[in-house]
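So, here's a batch of structures to check.
In the two complexes that follow, subunit A is the common piece, with subunit B as its partner first and subunit C second.
Coming up: the complex of A and B.
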């Protein structure tokens, strides 16, 4: 409740100071802008030096990856691993430009994102509270844990026939498979986080007269948050991993389906394009979760 | 160490073993990978039968340059063609078999492979009229014709022979490309979806259009014969392997010929064995590969099939899936010709013949010989065997007779009166009247015929009663 109010405060005061400045010193300010631009840029650079360095190295490493890929495929290198028929980056780029002119490709991506979003959100909404409850109450843990452990190792593709039969529409079947993919990592990591909560903290809260609900809110939840976010990141990755299996059902749309159809027509460049698209989308969604993690856990942000 | 191979001059050794050890041994072991489709029933004589009966081992050359070569056979089973092409591209398989559309994609994909091309060297089985592929709906659905499916959700494995059939059927009838909501689903996914009524219809290749009705939840409403475009499953080989070991490819065809012989010598035993090896019900195997079946197993490369492949290429080009590709240049019949010559068989005679082996013998129920096999019928009595009958009416009469004697009947077959394709009798529509019992695949054909003979259209049970009563309704 208090933080939004705090955040609004500077916003409200801003226009007032701006007006005051504009009215009082119109003659003094002109020499300032050129200086401030340079210093501002310098200051920004100093502040973000570490970030810039990481970005630069990241870009160089990606370019190096592309270059190595390009060389391996143009010279069709065979050294135990065979690059004879692996599509080159240029071939994949040609596929990419073709796909960009095709409105269907965007549709594939949008639909996949929607499926991942719904499946993942459901997994988080169910998985996190369930993990917290299982971590707190032994009986619930004893009931649910064996079932979860049996279901957890089943790969997404094996779920395809069952998912078709379980759900009335195919869209639901697909969301169900992405849900399963992300659910177990989230649950297991939340449980793990709960098991690592320092009992001293719990006892201290109890000594201070905290009730069960307060202990949950003030001790258990914040203490296991880092692990919950690890679970969410892993879960998001696995959700994308399950995508091809899930979208085999759709038969029409989705980036997983796009890749699958390219396979059934043996179009290697399109297969690579689908793989890269899934990779990039997966990276984007993981970044979103990390960003959310930093917002929720400001004490951990570096 | 990174070796650059700018040209394919350093030929890839097919021995993955030699790659691993990288030491030349005096007795060389060559791995021959063969990609089969066991569940695609019309490829069995080129794949699973040879594997199970060890026919290839029997014919492999053992002297001359092969004295020091030991062949290791590696059979890999897939449920569709594209994974076979993928493994062939990666040189994990040297010989592969698949349906007409995947074959073309195979030949075209190999065009850009610098190490090797692929060649169509033989045929596993074909149907000149295009039977084998079919479109099924759920048995409770109100659809009896393609026209009933306007705007409905129809799934088919894209890039398969069945996909080609659907496109040809739409073209023949002048349907726009959005007449159906056409989506791509593999047989496994499509079958489950149809059973759950998530889709309105599913089109598929051998054996699904027969297997799903046989399993009891589907009804075939369109058969590939209506497109009248030949369909076939063929055999492709990597040219680098075939050029290095041509005698092995010839030996493989001798095995194919022997497998065909084995099948035709005792089709019932073959169907039972194939059920044991592949899991496809023997009654379904028999409808394709039995006498007067819907597929002809004949390894020769008929010109009509290559013409059909040329048509298929155009369909793929129109879809933007393929550039220039000439099927005629991709065919190489030298190996199969050599196999025929060495087995003292006449290749050209077989090439010219488009005859299947047909139902023959004496009708024990109506007490007369079988004159026209495509008007005949068969009843498979459990443990007693498969018995031929001279007409649909005699078949149904015999069926009732067996039933009344308390015999267990596996299945009865009849033939579509106009198209001559083999049907499961209990799935057929019968036009009955004036002593005539005429079976049909399609309800509308049966209705038209019934109107002509001023009879009635009956289901199987009623038709059996009518046949016992002498063909009167």
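Coming up: the complex of A and C.
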């Protein structure tokens, strides 16, 4: 016997079956007979019916949206809002195919992605550990929290002039604004997660011999992960909002700049193209975070 | 009793002149006063008492989570001053780490001790096998039934080979059938590992069925009202619960507890200014009805 708990009394050899019988729970399932592909497909369908339904309805509603858009623009409807200059879906599609062959458009997108990547990563790398430490050590919390509370309500866009003064290059100030936008949601949610850690789990760890560092790593951190990921998701959304605003105001490249420039150059189809690109990029990045969350928190995926 | 390891010197719990008051805004709340208890090495001792009498408080002090206001808690002569892996604890609330699989939960204490991975995996498997849980080692706690969670909790607390095991109403949330099974599993593991157990419960049958000795506490502020040895022989069978010996013990304990519960409830009721209740009960006093 290798267990330390059991090793103390090796001479004691009461049959283990008594416990196992009393437990009686793990009835080992007999090997299932082979099933045909048809049965499997049917079972898969039954299990995923709700999901399939949602997907089907989702596709239909997107198509309906496109159709309404198409009708509103072809007939140039004016009813409170004016669709006279709004590009039709087909026009946007045309400018999309053109843009795909235009290295400049791809560069706009790449640059925006790079800014998001740097700004958001910095926010996560600083915000998460800071939140964890503030949640654990009262003094750090007492020192930093008031400053954070004062700065937090200032929208990242309001930082644009200040950022331009602070940073030598335009690029840096845009990244800084993206960073600010995502930093506070990440910090606040991490703090929130830390405040909700079940004290019983901490006690359980303590009477299993865990010291401060292990408790931090094995209890506080994983217990806060769901809220950390909420923070990352919200932070990513705000990062895009802040980035686009900064690019529209002070950029020379980037998808926000592209959209604003299209307006100045009276290329209406490109406006819609820019907007859709921003939407797709935002959606994609939050999907990435959700995927990362599922990888890091396997106990939460059902 | 030949099962009793009279020779082992490990796991001797001593609580002497113990009292504990919680500091609150209204001043100190005396939870436990003037209490002496002890658990001999390898002994199974239960604490019963009315709700709110300070059972958890006492147990948490033995675990090292609370400091006594007066008195001392010692285990094998060493003063308790903080939680440690020497004193395993099972909580009333499920307290498995949700982010760890069943086996990782059981391994936790060994990991904290620095045992290499392969070794602790083997140890955890052996222990899980003892509790009939080997098929669930890769499950996350969320997917387990309440009984299984508590079984894993017990196994986890035992994995580091503690001198004493402290349990705070561990089966309180389980249904009657599961409870019986859990009691058998606990007895079984206790007998194999020969450690001292201090077990808090409000279930009198459970206390008698499991214990060598039962302490009965008074209403708050709690102290020891009575100490009842349970001379029933081991191994204990479910059928013993019908024996006249068992029933006599049960009657005795029951009346002790009832007295204290009434005191506790009487206190609460007059606290709330509800003595008027007696009138609405058509002249029967609350005591008669209860």
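The working rule: the second predicted complex is superposed on the first by the 225 of 302 C-alpha atoms of A that agree within 3 Å, B and C clash if a C-alpha of one lies under 4 Å from a C-alpha of the other, contacts with A are read in each partner's own complex, and residues count from 1 in each chain.
Simple rule for what comes next: a residue touches a chain if its C-beta (ideal position, glycine included) is under 8 Å from a C-beta of that chain, and two chains touch if they have at least 3 such contacts.
Predicted, not measured: the structure shown is a model, and the values here were computed from it.
Novice: Based on the superposed arrangement, let me know which partner A:222 touches: subunit B (first), subunit C (second), both, or neither?
Specialist: Once the two structures are laid over each other on A, A:222 reaches subunit C alone.
Novice: Classify the contacts of A:214 with the two partner chains as first (subunit B alone), second (subunit C alone), both, or neither.
Specialist: The answer is second: A:214 touches subunit C but not subunit B.
Novice: Please work out whether A:50 is in contact with subunit B alone, subunit C alone, both, or neither, and reply first, second, both or neither.
Specialist: Neither partner.
Novice: Once the two complexes are aligned on chain A, which partner has more residues of subunit A within touching range, subunit B or subunit C?
Specialist: In the superposed model, C touches more residues of subunit A.
Novice: Name the contact category of A:76: first (subunit B only), second (subunit C only), both, or neither.
Specialist: first
Novice: Looking at A:206, would you say it contacts subunit B, subunit C, both, or neither? Reply first, second, both or neither.
Specialist: Only subunit C; A:206 stays clear of subunit B.
Novice: Report for A:139: first if it touches subunit B alone, second if subunit C alone, otherwise both or neither.
Specialist: Touch partners of A:139: none, neither subunit B nor subunit C.
Novice: Counting only touches as set out at the top, which of subunit B and subunit C does A:295 meet: first, second, both, neither?
Specialist: After superposing on A, A:295 lies clear of both subunit B and subunit C.
Novice: Would you tell me the residues on subunit A in contact with subunit B in one complex that are also in contact with subunit C in the other?
Specialist: none
Novice: Over in the complex, which subunit B residues touch subunit A? Could you list them?
Specialist: My answer: residues 1-6, 12, 19, 80, 82-83, 85-86, 89-91, 105-106, 109, 112-115, 155, 157-160, 181, 183-186, 188-190, 192-193, 195-196, 198, 321.
Novice: For the complex, which residues does subunit A have touching subunit C?
Specialist: 1-9, 12, 14, 16, 18-26, 28, 198, 200-201, 203-211, 214, 218-219, 222-223, 225, 297-299
Novice: What does subunit A use to touch subunit B in their complex?
Specialist: Answer in residue numbers: 75-80, 82, 84-85, 160-161, 164-165, 169-170, 248-252, 257, 261, 263-267.
Novice: Within their complex, state which residues of subunit C touch subunit A.
Specialist: Touch residues, subunit C against subunit A: 63-65, 83-85, 87-89, 91, 93, 95-101, 108-110, 112-113, 115, 119, 122-123, 126-127, 129-136, 140, 142, 147-148, 151, 156-162, 181, 184-185, 188-189, 191-194.
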